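In the two assemblies presented below, chain A is common to both, partnered first by chain B and then by chain C.
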Partner chain A sequence: MKRKTFMIFVGPSVFMMLLFIAAPLVSVLWQSFHLTQPIYTQVEVETCTPGFPAQICTTETQIRPQLDDNGKIITQTTFVGLQSYRNVLEPERLRAALDAGSWDQLMNLRFWSALRFTLVFTILTLPLVIGTGLLIALAVNNTLQRIKGPVIFISLLPFIITPVIGALSIRWLFIGDGILTAALESWTGRDIAMFAQGWTIELMMYLYRVWHVAPFAFVVFYAGLQTVNQDAVEAALIDGATRFQRLRYVIIPHLMPLVVFVTIIHLMDAYRVFEEIVGFSASAHVLSLQWLTYEFLLPDGTGSRAISRASASAMLTMIGIAILLAFPLRRVWRDHKGR
Partner chain B sequence: MFLKKLSIAAAVTALAAGAAAADCTNTVPVKTISNAFPAYESMAAAMQACGNVTSELDKDHRLKIVDAFSANPSLYSMTSLTNSTSVPMIDADLLRPLDDLIAEYGQGLSPNQFIKIDGKVMAIAAFANTQHLMYRKDILDDLGLAVPTTWDEYIAAAEAIQAAGVVDYPIGHYFMDGWNLAFVFVNHYLGEGGAFFNADWTPSINNEKGIAVLERMAKLASLMDPEYLVSDTTFVTKQLQQGDVAMANLWASRAGAVNDPAESSVAGKIVMAKALMGSEALAATVWWDGWAIAKNIPDEEAEAAFKMIVASMTPEEIAAHNDDALWLAPGFTPGDAAIGAAETFASGMAAPYPMNKHIGSMHNALGAGLAAYLTGSKDAATTLADIEAAYITDAKEKGLLQ
Partner chain C sequence: MSSPANRQPLGLKLVSNGFLALWCLVAAFPIVWITVMSFKSPLDAFDSNPIRVIVGPRTRDIAGGLSILDIVLGLLLAWALIRLALKWLPGQVRALSPEGRHWIGWGVGGGVFALATLILFTVILPAALGVLNPLAGPLGTDVIGLTTEHYRAVWVDRGFTRNFANSMVVTCGVVIVSLTVGTLAGYGLARSGSSFAFWLLVVALIFRALPHSVLVAGYLPYFISSSEWLAPIFGESAPTLYGKPWAVIAVLVAINQPFTIWMLRSFFQNIPQELDEAARVDGCSHFQAFWRVIVPVMWPGVITTGLFSFLLAYNDFLVTSLLLDAQNMTMVPAIANMFNRETTASDEVQAIAAAVSITAPLFLLVMVFQRQIVSGLTAGAVKG
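Moving on, here comes the complex of A and B:
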């Protein structure tokens, strides 16, 4: 392809990526090193609100942002270096916890407890997603041609559901005397409260994520299975390879690039775990990094946000994903060079 | 949303048979945004009946209004407002003073409804809200228990109910992690006579009063469904309706629903009572809910919007929706559902929820930090010290603290 034609084809998408990915990223990076605040002044304010029977008036010293001639709040932006990162990471308290060798103390630091959950969540669900996906793919591949369509459709359903909705529906099955909790209670004869302690909520979150994402792995692997070289399978059969040996030495090596692909996608997705925390109202027991960013970004009751810490936390999440992806990507790179 | 609007419209057509809506005909397009619960639904319906009014009812309206009202012209003519949502709106000077409109069209309103900031009326309160005791009269009578008036009596009664084993859990409370849990602390801390800030806005919650509040919260938690950290106001309402709990301290705005025969299996058995006393005051805060008009709209539109506010609060409208809220406008007759709130207000022992910038940051820090104490991962003093530290970091970043 001519260089000019190539540029014409690629240009629009490069432009979009610069505008919608690179530019916001640069802006978040910039904000994580700066602090933008309104300039406040102390004022005496008399406030009268409904009382019973008559109004209650109170005079209080409050702070008010200064407004410019156009009625806009005047803000000032200062460079604060790594201050916002320090506020998120709390290095002094981290050191104190490490010095004391206390896991509980470490888990009381919001960022580190969120990192703990996020990593465990990502790493624990990965093999389960790949394993379940592969099992479904093999099972579907071996079912009768006639019912393959419906089976594929049903297996895909969990992946089609919007994540928050899926999480909420699982929550309703279990919360309070939800039907599944009630069923478990009558089966075990014990009073069960799935939302009363951290580990049951965590367990539900892992299961939910595997249930939700396994169909994606299934579809990818199922497509891969259609391209397995049948000659190689037959050769292995003639050599007396068992079903397991054929899977282990012929089929899985063939699917390996797809496993890496699913791994990369899953690592990126799972590290940004957020819907589960919302859906299962888990924030009292477990936090994720993405939830932390959201908490900073949400305006408080009187309308202020912690944009700088939110930016720092978002950058840290990105760095985390980059580190995690380094492992499978290195493998891809090696394979690429080997060829 | 569309279906909801349809049903509201249908309800209005039914109601508008009377003459009430006849004299409010509106020709200037007015757009409103408000919180979504029965009181606002009925007010929005009354406004729509006058014509040319578009209403948006949204529980998350507070996340929209500052930006929407900053636009010129503002995206909405008016919004619903409370103690806390008024703060950013007044800070950014987005609301129109209403004194001239009141002089011209507001004779029917009660002066008690005017939210005055430095002498200027910035909003019209429609109703008041607070939190108070709701109890199952049949259960307390059966067990020969007196109606509790203090938190200590409440806990004692709850223990007696638990011992009798008549309900799953003696009490329900909105202990959901985040805003709700923090709100419980705020109320109890005020009930203990605590002040959240020193004169220089540094925090002052890590003290005996704060610890007493945490210990009481843990005690209350032990008498609740163990899933209390996901229990919000709606969850508690359902617990009462389904007879799972015998007592609760709940928002007055839910008093109608708990005895609603259409939803409640114990309708008529739940009685309202005054909020419970802490050591020095009632552990309850007074909230006002009302309407404010955008600054960035033409005078003509503001005038029309104000007339709609008045039309939504005529004595006829209030009488038609008497039990939806504790209306402040003339025409309200407190019914059984309003007794608890009325007594709470009448005592004068419940403080208004603070209307300053710092409480927002403090409330956030409490919401993020309190659960650690209840789940047992921190002791009371550490919890409060960590919350104070979180508040300082947050308030500094937001420019509230030097």
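Moving on, here comes the complex of A and C:
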């Protein structure tokens, strides 16, 4: 295909990605070093309330945003260097917390607590998702032909459900004296409140994510199991390999590229953990990096949004994902070159 | 299947099938349970005793419910309709729709069938049962409490219909634009071996990893102030992009593009290159070859990719909640807002009803397109 024809075919797509992905990245980088603020002026205001015998008047100085001729707030953009990053990272308080050696103090810093949760979440759910997916795939592969279809149908439900709704539906099972909390209470004989402390909410988030993503791993592994070389399995059988050895030395190596694939996709998606925090209303206890950016972007009480700080936290989030993906992608790259 | 490597001892069979049953229970339970809850009055819905949630004694006292006769007749009707849809409908569609245009037939047939089902269950069945129930004695008395008031409250009183319409606009827009742009790019990438194509794919993969909040942080200030910086181009009528559904469509299409082109590329690679080369030999240009030879055979891949675009747009919370105003809010952020405001238990059950309403179309989607979803999930993986 000639270069020109190729460019016409991919042109619209490349244009969309440049305009809506690459350009915003540049602008985020720029915004993270700049601060846009309204220009404030001090105004003397005299407020009078009717009173007896005379009006009661008080004069006070108020700080008000300056308005232009159309009544719009005049804003000013200044270069602030790393100030926004400092606001997000809070290096002084970090140092204080580290000097004191206090974990609780460290977890009071929003960014560091979000980073801690995001990383733990990503790394802890990964083996669970792969393990659960593999077990389901093996079990479905072993079962009767007739029930495979319905089982796949049911398995897909947690995967396609809207993430916020999925999290909410788990929450409704546990909230207050919901049936699962009641079941846990009668089992342990203790009074349980799942939404009162951070670690139970976190636990539910891990479980929810495994519930949500395991079907994806299952479908991918199940497709891989269909292409396992049966001759190799039979050869291993003749050589006296036990069932576990066949799994370990024939089937798992065959699935390895798929494990890498699922790992990469899962790292990307789990690092973006966000919807769980909305669904479980967890922001008072648990924060994630993407939630942090989201929160800066929401209008605060006065209707202004902390764009600059959001950009700084977005840049830091991106650095994190780059480091996280470097390892599996390097492996793919080596395989690609080795071929 | 009869090879000795597949023979299993009984114990292993039991364990593996037991595990499978457990997984199915875990997978389906939350969804089934919130569906049950959504039909009960708040006291029953949040009862700690599961049997009372299912039976709903207090709902029955307040709002009535279903008798054994209702349940039996309803299940019979549902079973008959499913049989009809699986056995009779495909034959009719094939016989009546014009040759080579089966998808029109499926659209019309499915639509008519859905409408008939709706009328049967909401008008004809209740009317018939209204006559039969008093005659049936003990079989006709209500045993299971059931109320649809929460659905009515959500859809009628709270204006969820508007959110639904917004969701449909955004979702359909994303699917159509994303597939149009992505199909062209996917075909180009599949047929080009240049290093530029390779690097484009690598960059797309990196873009896929970006958290969406990073991108939204880039759009938001420009979207809010767009009437100012677009003024030199559009003059007085420069639009404010913030809150506009079509701006969100553009954003979601772009976010979805990396995934779409990867997936469509792998589908196009499966279409033999000889096919378009033959057309080229016969004197077609690249575009004619694409239009006449590739387009007619590409639909399975396009439908699969479209399903995933649909899921992305339909399920999105972050982008829509930040870039749309209250008037154009889609369903998912709307329910989250509803949820944050909720004060009474009745509000909470209404939120559950809304959640079930959002999930129902997805349920139908998996039912109809299960095979395409599975093939889509594996397409990217198996070919790497």
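The criterion applied here is as follows: the second predicted complex is superposed on the first by the 315 of 339 C-alpha atoms of A that agree within 3 Å, B and C clash if a C-alpha of one lies under 4 Å from a C-alpha of the other, contacts with A are read in each partner's own complex, and residues count from 1 in each chain.
Everything that follows uses one rule, which is that a contact is a pair of C-beta atoms (placed from the backbone, for glycine too) under 8 Å apart; a residue touches a chain by one contact, two chains touch by 3 or more.
As the structure is a computational prediction, the values presented were derived from the model and not from experiment.
Participant: Quick check for you: in the superposed arrangement, does A:V213 touch first (chain B), second (chain C), both or neither?
Facilitator: neither
Participant: Check the residue A:R272 against both partner chains and state whether it touches chain B (first), chain C (second), both, or neither.
Facilitator: After superposition on chain A, A:R272 lies in contact with chain C alone.
Participant: Specify the partner with more touching residues on chain A, choosing between chain B and chain C.
Facilitator: Looking at chain B versus chain C, the one contacting more residues of chain A is C.
Participant: Thinking of the overlay built on chain A, is A:A284 touched by chain B (first), by chain C (second), by both, or by neither?
Facilitator: first
Participant: Given the touch rule stated above, what does A:S84 touch, chain B (first), chain C (second), both, or neither?
Facilitator: It touches chain B, and chain C stays clear.
Participant: Just checking: does A:L225 make contact with chain B only, chain C only, both, or neither of them? Give me first, second, both or neither.
Facilitator: So A:L225 meets neither chain B nor chain C here.
Participant: Based on the superposed arrangement, let me know which partner A:I251 touches: chain B (first), chain C (second), both, or neither?
Facilitator: Neither: A:I251 stays clear of chain B and chain C.
Participant: According to the stated criteria, A:C57 is in contact with first (chain B), second (chain C), both, or neither; which is it?
Facilitator: In the superposed model, A:C57 contacts chain B only, not chain C.
Participant: Should A:V140 be classified as contacting the first partner (chain B), the second (chain C), both, or neither?
Facilitator: In the superposition, A:V140 contacts chain C only.
Participant: Identify the partner contact of A:V259: answer first if only chain B is touched, second if only chain C is, both if each is, neither if none is.
Facilitator: neither
Participant: Under the contact rule defined above, give the chain A residues that sit at the interface with chain B and also at the interface with chain C.
Facilitator: 175-176, 281, 305
Participant: Please name which positions on chain A make contact with chain C in the complex.
Facilitator: 1, 3, 5-6, 8-10, 12-14, 16-17, 19-21, 23-28, 31, 36, 135-136, 138-140, 142-143, 145, 149, 151-158, 160-166, 168-170, 172-173, 175-179, 181-182, 211, 215-216, 219-220, 223-224, 227, 230, 233-234, 236-237, 243, 246, 257-258, 261-262, 268, 271-272, 274-275, 278, 281, 289-290, 293-294, 296-298, 305, 307, 310-311, 314-315, 317-318, 321, 325
Participant: Can you list the chain A residues touching chain B in their complex?
Facilitator: Against chain B, the touching part of chain A is residues 35, 37-40, 45-58, 60, 62-65, 67, 71, 73, 84, 87, 104, 107-108, 110, 175-176, 193-198, 281, 283-285, 295, 299-306, 308-309.
Participant: Mind listing the chain B positions that touch chain A in their complex?
Facilitator: 62-63, 66, 83-85, 87-88, 91-93, 111-119, 125, 128, 176-179, 181, 201, 225-230, 235, 286, 288, 295, 328, 342, 345-346, 348, 352, 355-361, 363-364, 368, 371-372, 374-375, 377-378, 382, 386, 393-394, 397-400
Participant: Can you check the complex and tell me which residues of chain C touch chain A?
Facilitator: On the chain C side, the touching residues are 1, 3-5, 8, 12-13, 16-17, 19-20, 23-24, 26-28, 30-31, 33-34, 37, 46-50, 53, 180-182, 184-185, 187-189, 191-192, 194, 196-197, 200, 204, 207-222, 250-251, 253-255, 257-258, 261, 286-287, 290, 311, 314-315, 317-318, 322, 332, 335-336, 339-340, 348, 351-352, 355, 358-359, 362-363, 365-367, 370, 373-374, 377-378, 380-382, 384.
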